[in-house]
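So that we are looking at the same thing, I have put the structure below in structure tokens.
We call the chains A, B and C, going by the order they appear; numbering starts again at 1 in every chain.
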Amino acid sequence: MIATPPQSADGAEQTDFKAENVTAYYAGRPACRDITLTFPPNSVTALIGPSGCGKSTFLRCLNRLHEEIPNATVDGVVSLNGTNIYDKGFEPIVARRNIGMILQKPSPFPTMAIWENAVAGLRFSGRSVGHKEQREVAERVLREANLWEEVKDVLDRPGVSLSGGQQQRLCVARAIAVRPRILLMDEPASALDPISTSRLEDLVVELSKEMTIIIVTHNLQQAARVAKNTAFMLSGEERVGELIEVGTTDQIFTRPNDKRTEDYITGRFG
Amino acid sequence: MSVEVQTGAQPLDASPSGRVIVDRALVARLKLSDVSFRIALTVAPLIYVALIVALFLMLAKGSSEAFAKFGLSFTWNSVWNPVTGQFGGLPFIYGTIVSSFLALLLAAPVGIYAAAYLAEFAPPLLSKTLGFMIELLAAVPSVVYGLWGLFVLAPIIRNYFGPAVQSVLGFLPIFQGPIYGIGMLTAAIILSIMILPTVTAISRDLIQAVPAAQREGSLALGATRWETVQNVLLPYVKTGIFGALVLALGRALGETIAATMVIGNRPHISASLFAPGYTLASVIANEFTEATSSIYTSALIELGFLLFIVSLIVNGVARLMLWTIMRQR
Amino acid sequence: MAEVTASRSVKVRHMMSTLGTAGTAFCAGLASGLLLLLLVYVTIQGIGALNPSFFFDVPKPVGVPGGGVGNGILGSTIMIGIAGLLSAPIGIGCGIYLANFGRGPAAAGVRYLSDVLAGIPSIAIGLFAYTLFVQPFGHFSAFSASVALGILMLPLIVRTTEEAFRAVPSEIREGSLALGLTTFSTTMRVLLPAARPLLATGLILAIARVSGETAPLLFTAFGSQFWETNPFAPMAELSLQVFTYAISPYAEWHRIAWGGALVLIVVVFLLNVAARVVIKPVAKSR
């Protein structure tokens, strides 16, 4: 189990984020059951496991995206600084503003330019934001996403005109523009080539200094490269995902406590 | 401790203190926009359904005078005399059914086998081009078909085709009698061309959707591609093709202008295909603006209501069949 | 080895197969050839009638030179324009509803009804417009025709709008929601712009669909010999004029009918080609 980390010395904000007994259903059928995890702040937690074990489903419970699927429901508690985002009266859009998400397939909004993509979350949020301020925010987040140098001269080009790796970094810029404290990533590099993957991973590590990042990945090397802590999920015969083991990446990979973890790490299945 | 509620121009976003700030006013406004959006959107389908119901009701209402006077005998009475005020719908029902079924008889084999060619034998570019051309047939306005039928097909039938057929098969009642050029046969031919795209397009989609395993299994047994089409693929999709044919029939039943221009517009029932006839749609088209009395108008609307009900049933059944097939994929 | 057909020599089967395949090719050739035949014939017959007075004149009595279908072309444009204005909001609204909230039996019912409506004869819909807008007011009007045409356009607009929204990749919707945008913003600010090309295609196809519709106009718009822009008066329409001229006994009017038929075919074909060939690839390349 991961001990609650102390307040960091330099005063960077510490966000408590944890899931307790989260079970996700598709039309009454559970896809993952009773997942309890604490995500240490300002670090990367990797979620690994074979395909179909419910990692992505669980991830979507963390920002209340799962319930957007028809007849999908969630049980359990996901608490952000003590507030349960599943409380009655807690609006999903508030949860999603605080908990961002990067999807597997890089998907900038197709009808918008690069800079428009970057600030899309700001523009359509119901408040009016001045054009100048929008451009400033766009530059800031594009820099933070390590994309500025590559696009600064072509900001008005469509977002979809970029390469796959650049599009994904644009999606990161778009997500962090609304200043979430948590960033969820669902296999963000699986559609990218190795060089783009490595650049994205560098970005993830850099962002994790100020954000809590939870990354679902089926690439064990990636987990080893970027994540401080790793959680392993597996689905049994009933095809319901469960949390098997969680610990520091080091410990999970070299001295796993559970045999199933060891089997997965060593490639015996999955 | 952790949810600090503020109103005013505070963002939804994070704050350095680490608490979750919720701008209640903004969130409430956004939630309202979502709710009103959903409500506003639901209005559209409601209007749509109301329209369809109104269609039924208004046609029924318009028919009520004629229905009150003639009752169900309207459907088997064959006297249509606006002068004496006697209205019976049988000639039109007969004309509609015969012309449509005959059109289907002509269009079905051509359409199905054309679809087979497009789906199985034609190289991709040719298949796409020919397919597009056949689809364009559906886009041709009805009045253009009527024009062509009236000035091109009718003379051909009157001068060449009709006499030729009559000389060989004139002993059959369906080929007897004077040949005017316009008439049931001409109408059926024009209608068949108009419904051909429906048959071809749907059949082609159905054939293309047959799993490869079926095709390969047949070929592996030593069948030729033609035999595969004939003995494996077409039987596999026969329910779907039946649905397509019913849909095409529905189109033929309702076709007005082209039929009016070539069918001869005579409210008589005749065994001969060369004789003029009359369809439900044609009589409405021809006589509606001339209807001088309210009973006349009502009788015509009743014919329209009949047409509406029949096509409702035909289309309803066809769509149900095709929908079930699509669901199984 | 199993025999597929017993006691038939391979040669016979081969011959039958060749015949069969040739037969299908014949059918396909016949079907597509009919289109060419029609096109060529209408062009030959109609091209001679196309002159300035054809396009800019109103109908003249037989024997009087000049005369054309100018008022019909204008009338078609006005009537179809109003029909589009009436049907687009309802049709697009329905399509958005079905694409974004359309699960369950209610939505399936709406879809089914829409498909069935697509097959209802246009003359029945014309009668409906007559009972609603001609009978109570005692006169024919272009507006009543537009109502009928609008109803004819609805099923196509509904279906293509729903498909346009479904064609937008689901990651776009997910990504927008994950940003914390509302369903309203997601649908209207993100998905709608992405669906616009296919939406435009649907509208164009719907316009093409009603461009040649004559039957409902017979007792709604009724037609006119004059220039008319008032939508609440009877109005000329091109396909209606073609019909009236075609069934007349005058050769001069037949000539104009062929000219009108040519214009109709060209317009409808151009619209179809524009919709399918031009816009779809643009949408797909996104």
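Methods note: contacts are C-beta pairs under 8 Å (C-beta built on N, C-alpha and C of every residue); 3 or more make two chains touch, one makes a residue touch a chain.
The structure presented is a predicted model; accordingly, all values stated were derived computationally and were not measured.
Taking the mean Cα position of each chain as its centre, B sits at the greatest distance from chain A. Here the two chains linked by the largest count of contacting C-beta pairs are B-C. In this assembly, the C-alpha centroid of chain A lies 51 Å from the C-alpha centroid of chain B.
Averaging C-alpha coordinates per chain places the centre of chain A 47 Å away from that of chain C.
Here the CA centre of chain B is 14 Å from the CA centre of chain C. For chain B, the set of residues touching two or more other chains reads 12, 30-31, 33. Looking at chain A, residues 93-94, 97, 125-126, 178 sit in touch with two or more other chains. Each of the following residues of chain C touches two or more other chains: 180, 182. Put simply, chain A touches chain C in their complex at residues 63, 65, 68, 70, 93-97, 100-101, 103-105, 107, 109-112, 120-121, 124-126, 160, 171, 174-175, 178. Taken together, the chain B residues at the contact with chain A in this complex read 1-3, 9, 11-14, 16-20, 22, 26-27, 29-31, 33. Residue ranges on chain C touching chain A, taken from their complex, read 103, 169, 171-172, 174-182, 185, 189-190, 193-194, 196, 286. Of all residues in chain A, those touching chain B in their complex are 13-15, 80-83, 91, 93-94, 97-98, 125-127, 178-181. Those residues of chain C whose C-beta lies close enough to touch chain B in the complex are 2, 4, 13-14, 16-18, 20-21, 23-25, 27-32, 34-36, 38, 41-42, 45, 89-94, 96-98, 100-101, 107, 110, 112-125, 127-128, 130-132, 151, 154, 158, 180, 182-184, 187-188, 208-209, 211-215, 218-219, 222, 239, 242-243, 246-247, 254, 257-258, 261, 264-265, 268-269, 272, 276.
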